[in-house]
């Protein structure tokens, strides 16, 4: 189980450790105080984290108001704070990344569980998961210096030849924009989705697979009709976790999305530049002066926090439930 | 559906004949379908592999020629139009990473271990809430940790943009993952061992120190290494609070530059030559991350082999 | 003991010979009930069959014929390779790369391992029921029974409806599920789930049904149901059943194969004969020891 999946699903490695904990109370007072203090410290810091961002966002709400949620004129420098394009940018990059990453990840996970010989399974899935540990800025650099030129010189002329600048390939961009960002973002979330899907698929009881085969099903039929439906909820959870990671991605996207066009705040095609909540935080952080701009940045942070937090909680529930259901 | 038997089978023999005929007629299609399906999954695996290889290939090919002793040990220089290749080295970033990340580890490892022990030892509503909070933090976008440190430490406490603020951001970022992962390592200790200790009359603190921690040490080490390999590659949270510098001054109370923030800064540089220097930094970074990662995986694989 | 004295006057009764060799007469009384006069037509023949994993032999030297429309049981202590052997009969070991099956297994004189019949088609002709009930959890009762037919390209609703009713009736489940065919299979009780799995296997009209300790996870009442079912099922399908329960083998089977783990920890066939002979007058001393409960 990957560290991420293990941590997220909270799977205890052995049962029964709980029993030892209940006994003996009074004799360990200093010990309990010590560990309690650390727990309290970290709890306090984390509460402070939420408090601080919420508190600092108040001046921002005073400036931006409800306009923040439906306004489409985002221009931080000119103090126009309609953040709908940013929220849209966050959602559209993540959606496109999922469209690209989900089939690849599920396919890869199925191949790891059902095609690769058992002995090679650990090695192969470790290699895929290694991708999850590549620092985000390196994905940005790779996208910037390797994928962008490739898109620009190889893919783009071909697209033009085939689609003649028709939607969604209409705007003639620099190669930076929605397509580049979503592609690299997809690559970044493939390991997350693959690792958790793999764990969910491994949990499908062998009896079900054998039951299907004994009815004359081919391996493909068994995977499609039995393994996939059985682990459906877990896979949905895996996808949601991937989405949570994509929603918060900052540096790589900042380097790859190009610039938001104030005249067309919503991308008009796959080559349009755009911005997301998180890229806009980084983009404007250097120019902060006074509490109001910082407040608006905190508003962006808060919205991002809520979106990602809810996504994560939902995913956690789904994954945990499905793993529990499969492993009685 | 040519068979009349398939329409309305009557006897058992007719049924069997009908099913077998249909099955053999369908055999080629289901086999082809299966091959296509399995082929598609293999293709998925292949595609999942490509980016990693592309990244490693490009990082090594483009970066390796820059890595010289001089590059690693001299501070950066500003290139000019006449001396495009005078970019100096990255000693400032190496020093900054060592300092900022080292300090972050010094803070987060002991805190995480203590929090892990607290999570392991107690259960109840408060600890349950703390656990949920930590789990939520693990999934939070990393940039928010930078915002937190900026709003609270830099803005409210009137700190400057310093290396220490960067260390703090990395600490709050790493502690949740590290402590939850360490707690799992603790939970891997068989109940028999702890119960034996308690039955002998040992105090909980003694059982923890002499039995649980000792037993769980390798797994905790891997948990720490994996969390650290996450932390060292982080850019966004550090970038917001750390400032930047051209010198290696070994002073946490001044601005610092780390490998990741340097990459971020020079990728947008005007000078092509300087821009391709990021590959070299990427190479350094990726080697560190992968070594930490692979080492911990090897430890885990060894442990699993020993236990099962 | 009482029953033994009562019947002691009957000459050549199995019970009497059993009593003379010290076999629990309650087992033998079950054997009595089974008529076995019909001529035996072999449908599957095993010759020198051996299964090994990674070069390590798990079971070997197995030679016997499975008679058409008979129940053949495989008994023996754990580790004797019963289940391993059973899974060789529909090539389920194909999933394990390290598994090698040698010797010959023929179905209607076609060697199933020599390419005479594609594996997936073989499995429609040789079905299987497992130790634990394994209904597909995401499917309804109807879809579970229909799944085998659908895997084989039969999608016509009229045919499916008819086949499902037929096989659920054969598995003695129709009356209790008729009104709730669209309900998830997981809502059934353990015994019902196992009968559902039998119905599912029957729906593809196999010639042979392999059963791997089908009652080992069931309560006594459900076990009784399944055992009753077997006697009626053999009218339409040949059954090979692995069981760790000697009484069960005696009650339900016509022929019996006794396997035992040899010196080198590989299982081997000790004796194959009619159930009556195995339980009353076995040829091999080891069979007798096992029947008398001296090991296992």
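Should a chain be cited, it is by its letter among A, B and C, assigned in written order, with residues numbered from 1 in that chain.
The rule is short, and it goes like this: a residue touches a chain if its C-beta (ideal position, glycine included) is under 8 Å from a C-beta of that chain, and two chains touch if they have at least 3 such contacts.
Computed from a predicted structure; not experimentally measured.
Chain contact topology: the protein chains form a complete graph, every chain touching every other one. Between A-B and A-C, more contacting C-beta pairs join the chains of A-B. Computed centre separation for the pair subunit A/subunit C is 50 angstrom, with centres defined by C-alpha atoms. Separating the CA-averaged centres of subunit A and subunit B is a span of 14 Å. In subunit C, the residues touching two or more other chains are 120-121, 124, 151-152, 204. Counting partner chains per residue, subunit B shows two or more touched chains at residues 23, 30-31.
In subunit A, the residues that touch at least two other chains are 216-218, 221. By the touch criterion given at the top, residues 1, 6-9, 12, 15-16, 18-20, 22-27, 29-31 of subunit B touch subunit C in their complex.
Residues 23, 30-31, 33-38, 40-45, 47-49, 51-52, 54-55, 58-59, 62, 111, 114-115, 117-123, 127, 130, 133-145, 147-148, 150-152, 155-156, 172, 175-177, 179-181, 184, 187-191, 194-195, 198, 203-205, 208, 223, 226-227, 229-230, 232-236, 239-240, 260, 263-264, 267-268, 275-276, 278-279, 282, 285-286, 289-290, 293, 297, 301 of subunit B are the ones touching subunit A in the complex. For subunit A in complex with subunit B, the touching residues are 3, 6-8, 10-14, 16-21, 23-24, 27-28, 30-32, 34-36, 38-39, 41-43, 45-49, 52-53, 55-56, 103-108, 110-112, 114-116, 122, 124, 126-128, 130-131, 133-142, 144-146, 187, 190-191, 194, 216-221, 223-224, 241, 244-245, 247-251, 255, 278, 281-282, 285, 294, 297-298, 301, 304-305, 308-309, 311-313, 315-316.
Of all residues in subunit C, those touching subunit A in their complex are 90, 92, 95, 97, 120-121, 123-124, 127-128, 130, 132, 134, 136-139, 147-148, 150-152, 197, 200-201, 204. Across the interface of their complex, subunit C is touched by residues 117, 205, 207-218, 221, 225-226, 229-230, 232 of subunit A.
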